[in-house]
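Each chain gets a letter, A, B, C and D, in the order it is written, and its residues are counted from 1.
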Amino acid sequence: MEILPTSGKALDAEVERAVAACYQCGKCSAGCPMAEAMDLLPNRLLRLVQLGRIDKAAAAEAPWLCVSCQTCTTRCPQSVDCAAVLDALRQIAVGRGLVPRRQQRTLLFQQAFLESIRRYGRVHEVELIGRFKTRALLGDLNVPLFFKDALLAPRLYRRGKLHLTGETVRDRDLVARIFARCRAEPETT
Amino acid sequence: MEIGYYPGCALHGSSNDYETSVRACLSALDVGLKELDDWLCCGASAAHSLNHKLSVALPARNLALAERDGMAELLAPCPMCSGALLRAKAALHGDARLREEMGEIIELPVAGSAEVLNLVQIFERAGIERIRERAVRTLEDYRPACYYGCLLTRPPQTTRFDDCEQPRSMESLLSALGAEPVDWAFRTECCGAGMTVAREETVLELAHRILSDAAARGANCLVVACPMCHVNLDMKQADVARRFAVNHQMIVYYLSDLVGLALGLSPEALGVDRHFVVR
Amino acid sequence: MSQNNGFDPKIIAYVCNWCTYLGADLAGTNRLEYPASVRIIRLPCTGRIDFHLIVKAFESGADAVLVSGCHPGDCHYTAGNFHARRRWTLFRALLDVLGIEMDRIHFTWISAAEGRKWQEVVTEITEKTKALGPYRAYRRICEGGA
Amino acid sequence: MARIGVFVCWCGENIARHVDVEAVASGAATLPGVRTALSYKYMCSEPGQALIRRKIAEEGLDAVVVSACSPHMHLRTFRRAAEGAGVNPYRVEMANIREHCSWVHHDRGEATAKAADLVRMAVAKARLDRPLEPICVPVARRVMVVGGGVAGIQAALDVADAGHQVVLLEREPSIGGKMAGLSETFPTLDCSQCILTPRMVEAAQHPNITLHTYSEVEAVEGFVGNFRVTVRKRARYIDVDRCTGCGQCWNSCPSKKNPSEFDYRLGQRTAIYIPFPQAVPARPVIDKDACIKLTKGKCGLCAKRCEAQAVKFDDEDRLVVEEVGAVVVATGYRLYDPRTPAAADGISGYGEYGYGKYADVIDSLQFERLASASGPTAGEIRRPSDGAVPKSIVFVSCVGSRDPAKGLSYCSKVCCMYNAKHAMLYRHKVHDGAAHVFYMDVRAGGKNYDEFVRRAIEQDGARYHRGRVSKITEREGKLIVRGVDTLAGEAITVEADMVVLAAAIRPAEGVERLAQKLGVGYDAFGFLSESHPKLRPVETNAAGVFVCGACQGPKDIPESVAQASAAAAKVLALFSRDELSRDPEIASVNELTCAACFACERSCPYGAVERAELRNGRGEFLKRTARINPGLCMGCGTCVAVCPSKSVDLDGYSETQVYAMLKSLT
């Protein structure tokens, strides 16, 4: 399935088309490692999309619990790309401000991740985690305290696994241009 | 034999023990790695979660670099990276308009022609028989639980690798080297992948299930071919122990670690000493 | 109705008796309207169609030719449609050499159950042929003695 | 010059509303060869037909064009009408100005112009129609029934009881098919073997039935009324005429540990064996791959014990030819194999269910054997791995069925019913056992069917979960079944002792090859194609070949039996005539111009092209030539298209006729 980050209704139509074949067997939900934690099971998200209630599906917590393990997509008898539908629901939720408060931290992390790429072309782990945790704390989100990771740092450092600076690509402007063309400036909070 | 190499951020970051292992092991097999010049991050799950176009553009840029530099094959030891590259390849294949659009976005023409290989495939390429001949010691003390996780085999339409429900490729390789892989239930279950930081509790729960089943089946180590699996099962094992009050002390090897050990490399040369759980 | 100032294309359709002819019948039963551009020549099977029939259709002033039979595996005569398909790949080159415009020749599979597909195919081919205009060039090919 | 009459039908308002029928008629009157042209309100009505007959007589017509509806609707009607007035029926043409014109073009001008064109084409064709005589062939009143399951047995008995000869062919060593291995049947729970075995015996003892077991169709020649079927009788290593079925041989056979096909590998059999005690014929067969004598040259114990001296270690396959007038295909089904490796002929398996990996994940036919009193556990539900009585069983519906991703999109139709039956039988036998059924929809259409399913749920306590199962793993002797109940909105994990997969119904192995030999079509899944899904449900497009039972599509026992009787009725209708006639619109060779390249022979799907020699009056060889056997040619015309010297033509669709039709449009 091809989901393009186009605006509102066009993406809705893409997603609706993608789930048209779903016959609600629930195999996606049956195999989902996160099913127990989800407020709405994947098959119900797909059903809501089929009924045109995309906003309700996008406002659920479940899409943010998805770990993108592709089990649903792999086993779907109707070849619905369920994981991609959940990706699209996340994008719709971000676009419409529907991300549930409890799931903001996942969004924050992924935004911080993209921002790191935009700046350096590669991920700077230390900066990424720092940025994520700071923002999460500022946003008063339920995130384990910073010092827990700080405790991990020396252990990583001892193993030569901690890089305070991280790598940077030569052509950073190019990366910025790619991001601009994909219209994906991570929103700064 | 020399092939293109796309390390990805993890192998140049906190999973550099994986890179050490892959390089040492492949070098012992006379497989040279030529690192892709000025590669970009593949975007990982953040890109396909938040911006579909970016999730094609970033790997497309890397595919384009490989094409520009004449690399027909590209090893991506991280399945998140290889998955992203393969997804982009699939999207570009047979869609001239997308190829054109992407070419403009990434400022390089791209066809998506480079073949993307995971670590297991490199070993298969090198030849299991040849590896067996070069082995200087048997792995008979090892009863590994081979852990494929999600992205090595899924979704099968994209990865086209092994049987996604009952994979055998790691077992075949390690059995050939004398190891006795155990049969267990969690070979293709998910460990939480890149959610380590964002959703730690999820990762601990999933890692706990995996470690417990491996232990229950009599495995004395786990074998992975993914940096995220390693982080969640090795680095986080202490947290699992604390949370669930069960200390498995399960050593988690990269596949290249065990192959390297069979080839006579030292644990230090393979970076095994830098794991969190050590013997 | 069209942008080609009233050009009504003439299309010869060679269809098999058992699938496409019945598909066209079904379009009628379901009252599915489509352009009155097609003249059907009913044959037992598309396996009957050869190079000459296509050339002759153009000779008689057709602006396009449609060949339509059963879906693969559905042939009333087991494999006639398959023979037609295989032969088509052979004489396509020959037609090409003769200078016949290949976008005036259409192959489809339409089953007895696909009345709507018949409607769609005829509509689409008619529009395409309108866009191409009358096949005057063919007459030139003949006159040029190619 | 032809003397053609053109008759334009109004079809009430159906044609006349959009086509100016008067104008079409008057235009037709001016066409070359047309003697008369007129229109009438309903040509197919008796007065309409009388009009045609009258005009034929008055004008001395020798050909007729009826401009009306589709030839598939009324060509036969008008041919009969014309024939009644002395016109050769193959000189009747139709112009389809209803389905192809008035019903689809509502601009009166355009519709009328097209109708006029269609009439012009039909007239051009009619001018060149040759008078033809129908092809007549005698009928051999003997039928071959391929497949000796319940459908084949029913069809064979019906035809035999009506007094005709039947050859009943069965691939396995015994007739009985799948039904012989079933436990009890829904929705009555009567014992499957109890109702079937008397019919098996009846078939074997019927004076009109010749039984070939352990036999397959090798080749088919001929056509309706006159088939020559070559049958391969596989080496049985037993002289069935001498054998008394005493059992000394199989009781003495030392090779005992061979998986039993009849028990679907849950039981074992000897190398010389009868598949099950009630087998018909009650004659053993030797499995040549398991027999110690045949593989190693030693042993031969069975032969020593056989007082009838019926064991023949030097037995070989034999070919016998049976001449029959009709064939009934009743080859039944096999179960989809959930172990199917990825993408074998577009169908892949369920690695996620671990069938073949976990001994206690079995398929539904295996469960039938476990539940059967004659089965390997004598009807006790015991699981294969350790023989323990399972305290919890999960029944999984739609394994393969309704799963386009695995390559099978259709519903197998019978599984919902037998799942309910299995759950019921299990609960009857293991009172404290838990029966879980995962389903997507319960499809229980049929007399007393839904009531049966409700009984399983309400009275027998089967627990139904609406949803598919995603994965089955094994832990400490338990099968961990991960599924969902979408009605509860929850993912569910069931710890089961055994799992039964309701695997899809697929046509029997090799049915495509048989279909090709018979010229019968089949769908993408290999199910044989009936002629018409509603009105010709047991006929096929190969004249004289009929289908019944699950080879045509998934169906249960009552439906298979009903269809078998329907097929038998069609055979009997065929046998009620002395000879058959069929349309003579077939190919013919101009033997003088034929270059004897035999491209036509290679392209003919019916083997109707023969090689012949042309000789002069003194019998001297002139040339070789292709020749069409009119008994075999079905008139597809493929040979016409491939002939490089344009020496083959097809009556009714000749080269000159097509050209004339094209020319009539210029």
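Couple of notes before you dig in:
Simple rule for what comes next: a residue touches a chain if its C-beta (ideal position, glycine included) is under 8 Å from a C-beta of that chain, and two chains touch if they have at least 3 such contacts.
In this text, all values refer to a predicted model and were calculated from it rather than measured experimentally.
Distance from chain B peaks, on a Cα-centroid basis, for C.
In whole angstrom, the spacing between the mean C-alpha positions of chain A and chain D is 52.
Distance between chain A and chain B, defined via averaged C-alpha coordinates, is recorded as 21 Å. Along chain B, residues 156, 164 each make contact with two or more other chains. For chain A, residues touching at least two other chains, in rising order: 71. Among all residues of chain D, those that touch two or more other chains are 352.
Pairwise, the chains that touch each other are A-B, A-D, B-D, C-D. Touching chain C in their complex are the following residues of chain D: 70-72, 96, 98-101, 103-107, 110-111, 113-114, 117-118, 121, 516, 519, 521-524, 529, 541, 585, 603, 605-606, 634-638, 640-642, 650, 653, 655, 658-659, 661-663, 665-666.
Chain C meets chain D in the complex at residues 10, 12, 18, 21-22, 24-25, 27-29, 31-36, 39-45, 47-50, 52-53, 56-57, 59-62, 73-80, 83-84, 87, 119. Within the complex formed with chain D, the chain A residues making contact are 23-32, 35-36, 40-41, 43-44, 71, 75-79. Touching chain A in their complex are the following residues of chain B: 9, 12-17, 38-41, 43-54, 57-58, 61, 91, 104-107, 149-151, 154-156, 164, 189-190, 192-195, 197-200, 202, 206, 235, 274-276. For chain A in complex with chain B, the touching residues are 2-5, 33-34, 37, 65, 67-71, 73-74, 81, 83-84, 87-88, 90-91, 94, 105-107, 109-111, 113-114, 116-117, 121-123, 125, 129, 132, 144, 152, 155-156, 159-163, 166-167, 169-171, 174-175, 177-179, 181-184, 186.
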